[in-house]
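Order of writing sets the chain letters: A, B and C. Residues in each chain are counted from 1.
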Amino acid sequence: MSFEVFVTNLLYGLTIGSALILVASSLSLIFGVMGVVNFAHGSLAMLGAYLAYTLILLKFNFWWALILSPLVVGLLGLLIELFTLRPLYARNPLLQFFLTYGVAMIIANVVLYAWGGDALGIDKPGSLQGPVNILGVYYPKFRLFVFFFSAALALGLWLFITKTTWGVILRAGIHNRELVEAFGINMSRVFTLVFALGSALAAVAGVILGAMRNLNPVMDLDLVIGGLIAVVIGGLGSFRGAVLGALILGLSESFGAQLMPGFSKFTVYIVMVAILLWRPEGLVRGV
Amino acid sequence: MLLEVKGLCKNFGGLQVIRDLDFCVSEGQLTSVIGPNGAGKTTLFNVISGRFAPSSGKIIFEGKEISGLKPHVISQMGLARSFQITNVFGSLTVMENVLLACQSRLPERISLRKGSATFDGLAEKAEGILRRIGIAQHRDRPARELSHGDQRHLEIAMTLATDPKLLLLDEPTSGMSPAETAQTMDLIEEISRSVTVLLIEHDMHLVMNISHNIVVLDYGTKIAEGPPQEIKNNPEVRRVYLGGL
Amino acid sequence: MSGAQAFEYRTMRAAADYKRYLAVVLLALLVLFPLGAGTVVSEFYVSLLVRIFVFGVVVLGFDILLGYCGMASFGHAMFFGSGAYVAGILFKHVSPSIWLALGASVAACAMLGVLVGYLCIRSRGLYFIFLTFAFAQFFYLFFNSWQFVGAADGMPGIPKPTLGIPLDLGNRTVYYYFSLLFLVLAYVVARHIVRSPLGRALVGIRENEERTEFLGFNVHRCILTAFVISAVYGGVGGCLFTGYQNFVSSSVYHWGLSGEILIMDLLGGMGTLIGPVIGAAFVIYLGDVLSTWMHDTWLMVLGAVYVVFILFSPEGILGLAKRALPSQVFSHVVRGKGAL
């Protein structure tokens, strides 16, 4: 493999990884705080992408779409948590997972119904079109943007969770909800907000990924599986682990497609099985 | 010696919960393990019954080493264990709870071939145990509907139903009222006449009258062992429980 | 026996008789149904019922694993698909004998069940879901690109199966009775299994796995057995499916199918055996009715129904029936309701 090819693959892997970072970290946030594995996460991301498509069609520019679409999806997430997840908290967590599967099914098919089955595209904003020269390799500007933007958002989220009071509340709540509530904090409301935030972040990931690749009605599965595998690799409940997992996954997909075309789809699942069987706690300990 | 614990150590990560523990349980006797909270008593039961493997040391039951064996294997050898936090089948009826326990002693306990006729013989045995424990009137109620005290009794009933040679009872009276506690202690004493019992309690007074032998633990080691009179007068034991008064 | 006890006894006996009459009537209806096809009812319904019977078999096995043992698998398509492909390959390249295909499907799925099960059974809950899902995906991706079986386009030109006796299995009506027979057989066997000592041990594992293990049951072996049983049922269903469709493509391994099987079990009523069959009937019928004008997006409605049931009646349709009817009639049927 020549140096240029290596760098291209590396950059591409990091880019896929960073788009996954947003999905994985928001999934990890929801799981870490609420204990819910949100199978609908990919569908919410997908919905975000399709909404952005429509907004752009309505003559909004890319940046407005990037702001408005997550707001709408965040609101939807709020409603979902309020009406479907909240009644189930006292029950078996498996039931919650089944529920998110049902919600995913509904959203995915609503998207299919409303936007049809053909692949669609989101135009990248003019300022980010075209390539840029890195280490002698020409790399699309937009993909670099994806990398830095996702990294920045993930970093922001990380700082929020670890450095702010809110973050401490979130982390404490998963261990001892009653104790946190004894301090006068309404955990139900916190859960709703966390789910809404997580959904909005998923939508951001969807918009970005949609612009980077394309929009199709089956993109939700790849996103949620990618997100779940990343979270599992890193360790359920570990935020840094989710980020690490996303990068590992992105790189393995990129290099895998280069070295073993046709097998790259398998590698994702092989990694998943390997981690689940031999190190289910994941690679990273702690937050 | 029915049960021998030799040089037992158990660590969790860096925390050493049991260190160098040696004691024996003689057949036909009631031995109590007492000690303040955190002394490692439940961990001891967990290791003996197979939930955890020892970090080092041995556990020998009827002359055979059982350290590190799986819980169901140990149970089949005749060692039954009750739990400190009630661990019954909440949605099943009391009768079904005990029936399942009885079923575990059948050679065809997980057979696919036998039909429901297998259980006809078990119903009598189960009924007998329920009566002996005194909860027969609840036989058709879901276990979770029972009072806390009755649920603790159900725990004991289930362990008895497995025809044990050694019965491990982990704080059987926890959460009970004084009246229930006294009743349970009488029950345990009655049981101990036919089954060897190893009992965990953290209230010293409860076990004074019924134990033949008492082992006192503190921070994972044995600080005293002997018949109740000796233990009562042991200054170390007094210090641990009463803080030197 | 006091007057009150005698009354209770008579009511329970009446309830048991009532259920028996209902079963006989239902069976009679199903048996007579195709004779009215073309005149009283359209042929379309015969085809619908065959699919219901086939999936009924699959979900029966699945219920033993989920409803009775409490293990949620998200990869059951792995077994359905394997049965389907084994049958397809054998029909096309070896012999159209349905008995050969059934035997081979059972053997293949049993082996697969042991291998995959041994690896997956060590995990619980979400991890078990992820693992079974991943294994099923392996199959999907593999068969989706294997040229020998036509990759994504599927394997056409599969001949109709034969019975070995002068009865044409290619005839829709004959296949109807054949698959109905298998459903009844599958149900009888499943009922025997859940009433056997293993069946009761499975319920113990579902309700409190730790306690069951400490009572002396080899939990690992019990769960593995349940897993293999569910695998074999899935394989039989898949084989019957190919026998009817005369076509097989990688869609039989699709994760959506795993999800649908799960939904069928939950909607009908987990842990009841009859429930899952009702669930299968409900989902397949609903799908047929809606997909004519909604195409694939009918799944939107299924998802909504599913969510509503999870929120308001997780014991499924049978659970609703239990609440609506006098208690004695259904109290025994809904006995094995899951810890969910």
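As a convention for this text, a residue touches a chain if its C-beta (ideal position, glycine included) is under 8 Å from a C-beta of that chain, and two chains touch if they have at least 3 such contacts.
These figures come from a predicted structure and were not determined experimentally.
Relative to subunit C, the chain whose mean Cα position lies farthest away is B. Closest to the middle of the protein, by Cα centroid, lies chain C. Remark: subunit A and subunit B have CA centroids separated by 49 Å (rounded to whole angstrom). Centre-to-centre separation between subunit A and subunit C, using Cα means, comes to 34 Å.
Averaging C-alpha coordinates per chain places the centre of subunit B 42 Å away from that of subunit C. Within subunit C, residues 339 each touch two or more of the remaining chains. On the subunit C side of its complex with subunit A, the touching residues are 72, 119, 122-123, 125-127, 129-131, 134-135, 137-138, 141, 145, 255, 259, 262-263, 266, 294, 296-300, 302-304, 306-307, 310-311, 314, 339-340. In the complex of the two chains, the subunit C residues touching subunit B come out as 192-193, 195-198, 200-201, 203-204, 207-208, 210-219, 221-222, 225, 337, 339. Within the complex, the subunit B residues that touch subunit C are 49, 51, 70-72, 75-76, 81, 83, 87-92, 99-101, 103-106, 108-116, 118, 158, 162.
Here subunit A touches subunit C in the complex through residues 37, 84, 87-88, 91-95, 97-99, 101-106, 108-110, 112-113, 221, 228, 232, 236, 262, 265-266, 269, 272-273, 276-277, 280, going by the rule given at the top.
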